[in-house]
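The following block contains the structure, expressed as structure tokens.
Think of it as A, B, C and D in the order they're written, each chain with its own count starting at 1.
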Amino acid sequence: MSRVAFLGPPGTFTEEAMLTQPDLAAAELVELRSMPDVLAATQDGEVDLGFVALENSIEGTVNVSLDSLVFEHDVLIQREVVLGISLNLMAPSGVRLSDVKRVVSFGPATAQCRGWLAHNLPSAQLVAANSTAEAAQVVGEGGVPEAAAVGNALAAKLYGLEILAGDIEDHPENSTRFVLVAADGIPPPTGHDKTSIVCFQAADRPGSLHAILGQFTARDINLTKLESRPTKKGLGDYCFIIDLDGHVDDEPVADCLRDLHVALPRLKFLGSYPAAGDHGPTRRRDAEQAWRTADDWIASLRRKMDRPKMDGD
Amino acid sequence: MSRVAFLGPPGTFTEEAMLTQPDLAAAELVELRSMPDVLAATQDGEVDLGFVALENSIEGTVNVSLDSLVFEHDVLIQREVVLGISLNLMAPSGVRLSDVKRVVSFGPATAQCRGWLAHNLPSAQLVAANSTAEAAQVVGEGGVPEAAAVGNALAAKLYGLEILAGDIEDHPENSTRFVLVAADGIPPPTGHDKTSIVCFQAADRPGSLHAILGQFTARDINLTKLESRPTKKGLGDYCFIIDLDGHVDDEPVADCLRDLHVALPRLKFLGSYPAAGDHGPTRRRDAEQAWRTADDWIASLRRKMDRPKMDGD
Amino acid sequence: MSRVAFLGPPGTFTEEAMLTQPDLAAAELVELRSMPDVLAATQDGEVDLGFVALENSIEGTVNVSLDSLVFEHDVLIQREVVLGISLNLMAPSGVRLSDVKRVVSFGPATAQCRGWLAHNLPSAQLVAANSTAEAAQVVGEGGVPEAAAVGNALAAKLYGLEILAGDIEDHPENSTRFVLVAADGIPPPTGHDKTSIVCFQAADRPGSLHAILGQFTARDINLTKLESRPTKKGLGDYCFIIDLDGHVDDEPVADCLRDLHVALPRLKFLGSYPAAGDHGPTRRRDAEQAWRTADDWIASLRRKMDRPKMDGD
Amino acid sequence: MSRVAFLGPPGTFTEEAMLTQPDLAAAELVELRSMPDVLAATQDGEVDLGFVALENSIEGTVNVSLDSLVFEHDVLIQREVVLGISLNLMAPSGVRLSDVKRVVSFGPATAQCRGWLAHNLPSAQLVAANSTAEAAQVVGEGGVPEAAAVGNALAAKLYGLEILAGDIEDHPENSTRFVLVAADGIPPPTGHDKTSIVCFQAADRPGSLHAILGQFTARDINLTKLESRPTKKGLGDYCFIIDLDGHVDDEPVADCLRDLHVALPRLKFLGSYPAAGDHGPTRRRDAEQAWRTADDWIASLRRKMDRPKMDGD
């Protein structure tokens, strides 16, 4: 049975997302206390897989995950999972909304419910927890008097709370993106894949990012995310984290990565993996066919070449 | 005396950064409980200015500031302040490192000291606070037994703590970028300015970002930050938050913004303001002179035009 | 009455194209012996206007016109005229095709009828003339025995020849582009105009042309012609002759020229003038309106600027 | 012995350029009467090689060569030869400059001496010939009385003329570019090669040429020539004739051509061949090495892929 590490405690959105995946739900789950710990355990082989939040998360400082992935660890993304975020106000049985004097939660979660809280609990005190799950646990154990927690339904169930109000987040359309990582290995292409890379730029000069993006535009490759980030050497040095549609097994993507590898001082590959979500008919076959026709043409040209008889050229 | 809102409590890095600015240090400081509150109070005129963290911060979920600035409020950046972050382990007088059983802090701050904590306090329990300043306050008031706080020297002084260990962050070169915002008004150009904008793209199609960046490259305008962000309508729709060198009063920048305004469905202006840091000799005068020479040339061409005498053209 | 210079003798395609323009047909026509002479006479004020072939012409070495326009003279294009080219085999009355032993014409004209001549007059001798009109004149005057001329119907009429075979050119869809030039002045915009410029590049380095073209792409300006040409300093130094849709009075075109003027060591303006041909509904009004809206927005931003009270900045 | 076709008569600049190449000088030379004839004979196998002028030539309408090469024939360029053009005024022995009443030559040649002729022989009559060599022949045979020819020293020698004045061209730095073509075959790379292609564009829309050029810029490939040309279907449809530094055997060039082949409705390959001129140390080995390192990296990534066991993917 495979071992999968995640950021505990149980009852976080991370666990909720992980349990949407049948194979992960059936695995041995290993709770760790930080996202970098999850990546480190995965890279070092202590677990087979790691599961972390990457984007727009309510669940901890996602920058920490991203920076760990980009600068500190060498793991490869195996899959992405996107979860719609629903926040609830949850309290022990019998507690009514008018009883609530304190709201316990992880800062980003309470921040996302700021409008609802200002309207419904304008005078409640905000008490910090290290995660939404910890908030539910603390409230469930009675650690904070006259309190409710902000968290997900999974945590309410785990820690014996009832939902006083559901969907209290200010932006109900919010989603969080998680990734499953492994120490090595790339899943085979499915026809609707993403590839994630980090481009370290040669210098902070006008046009260098434009030149990088020209590589994608020239090949009609769609980008789904782009972010410049300081390289931890102060605010002036940047790299670019890029998600693109396609798989390294696709020839246009491979061509593009090859040329970027030539042009850039450093290019880090974070993985090619199935994209989350429902998908229309794949464009991949057509693009591959066009590439192969072009490759045959190049090969036919090269056969016209009078290669020198003797030397290795 | 002007009133400046910031995220409390006193003793945060935000306050530390604010106090590096003599005019702000002399103002009436208004402590608010969230970053969106700071922006809202500024926009609504309850305060004259607001001061919030924007980038790579240890001080709260910066995405919240950024999203508030981009999607919810209409304020203009007046100035940026960059502060080197130094984290300390701080405890009441007489407490030694070996006495520490609990470490209280804001999650992102403890995350940035993960290496040091794992090595020096491997078995300590992590206790959440809503900010590094709240952590210092809680520890100073004895609210958590056998505890130390992770925070800055300002908070140690405010809450009567001593520094057990200084500079314990894993990446000592870390910096945080803050901005001062107002409801309206653009500071005059200084010769080393930045302009921040948000480009909403027409559609998620290959090349659209490349086309946007072409506008900057074509004018030799340097970008210092670029980030794609979901537009709060799910993960598929993106906008681009861009910082560039130059001021809207510079003609090449104005030209560029004008053309982007024509090309894009929406373009939000976040401000032109003095850039933080020391500066070499400014390039602005030369660039302006070249632009004015070119503009004179266009004007001379247009004077050659036989304008129709009678009709309105 | 205005005086218009053109390349003689009478009966060339140049004269034919010129006579399609009622105002030129009514002018005093001045026949000169070379295209550079036409441009020189125009620049020096000896005539009011000059009329020369520019593109794909059968009528003399068009490179000479183009190089004169680009490198030697300073005139401005006032109008373009496009003429479909029809070549005929023409001989004195009574001469039959089977009588023809010699074909007299200007080299490029006979070259364009190569297929027809090879099939119908395989053994005829080719005799050179300085123009198709001179060929018709020579044949009309009996200067070459048993000869026919290749030329246009205008020349046949002028020199008393009959058409033995019409439309004998191998590519009947061929057109020639002529321009009317003046020493100075730019016609007002009509809504379907062209602008011609010459971009001298800073250095022969990868990407410099790409950067130039980025200026047009960034503004959605369509190019109708682009040609690199050696700058008469040997084969290694290039300039680019560019025709684009739009008028210097259009703001996006002016913006583009202004930025190119800043970026390039030299930029030569050849004119903004009505485009030849029929036109669909013009896009110009919409583009202008979008530019003006954007310009108003920039102006509103700049009004937010706290301008220094004292100095002129 | 190989047979090489060229545009006659003997004594042209074409023959002069051809004789600078020892292998061609030793071949059987076949004189033909037009440039398209030379290309046709080469394509059809009537000769082994053809030699034609391509760029900036004084020797006939080079557009004819170029259009034949681009639109009508399928041959591959084997070599380029660049010849500095020197024009002379040449007459039979005993004729002095003051005796000359007529100047015989090919139109483009006399056009290039316009300044000298206007100054030294202002009243001389210009008499047309089909080539500079024919002019020398006519003058040598006494076919035109009181005449001098404009041509090269080779023709003077061939037809018994003496040089009255040398280097009379207005732009002494002028060069002509010739190419040697064959029905098939590509010479092996030498380290300083050129590749010539024709890009047929999908539609006459803003940005399409910019996108094509982006392919070269993205790979740091230098262009040495670019020309838009109407596709013989009227003035509105264009193709682009492009010369670039490098050989189809170079991986970056092959990558580039492959992607253009995918992107364009039609791409015609005109050849990869040694560039004319002296050369500095070659950049090719470095570029190749960088490409191979990148290709190894892609291969190593793909080996990480868990390929499905059974199906053909």
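Everything below uses one rule, namely that contacts are C-beta pairs under 8 Å (C-beta built on N, C-alpha and C of every residue); 3 or more make two chains touch, one makes a residue touch a chain.
Worth saying up front: this structure is predicted, and the values here are computed from it rather than measured.
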Residue-number overlap at the subunit A/subunit B interface, same or different (half cut): same
Copies subunit A and subunit D - rotation angle from C-alpha fit, nearest 5 degrees: 180
Subunit B and subunit D: spacing of chain centres that average the CA atoms, whole Å: 58
Subunit A and subunit B: spacing of chain centres that average the CA atoms, whole Å: 24
Two or more partner chains touched - positions in subunit C: 211, 214, 217, 220
For the subunit C and subunit B complex, residues of the former touching the latter: 76, 184-189, 211, 214-215, 217-220, 248-249, 252, 254-255, 257-259, 261-263, 269, 272, 287, 290-291, 293-295, 297-298, 301-302, 304-308, 313
Touching residues (chain side subunit C, partner subunit D) in the complex: 33-37, 55-56, 60-64, 82, 106-108, 111-112, 114, 126-130, 134, 171, 173-175, 177, 204-207, 209-210, 213-214, 216-217, 220-228, 230, 232-235, 238, 240
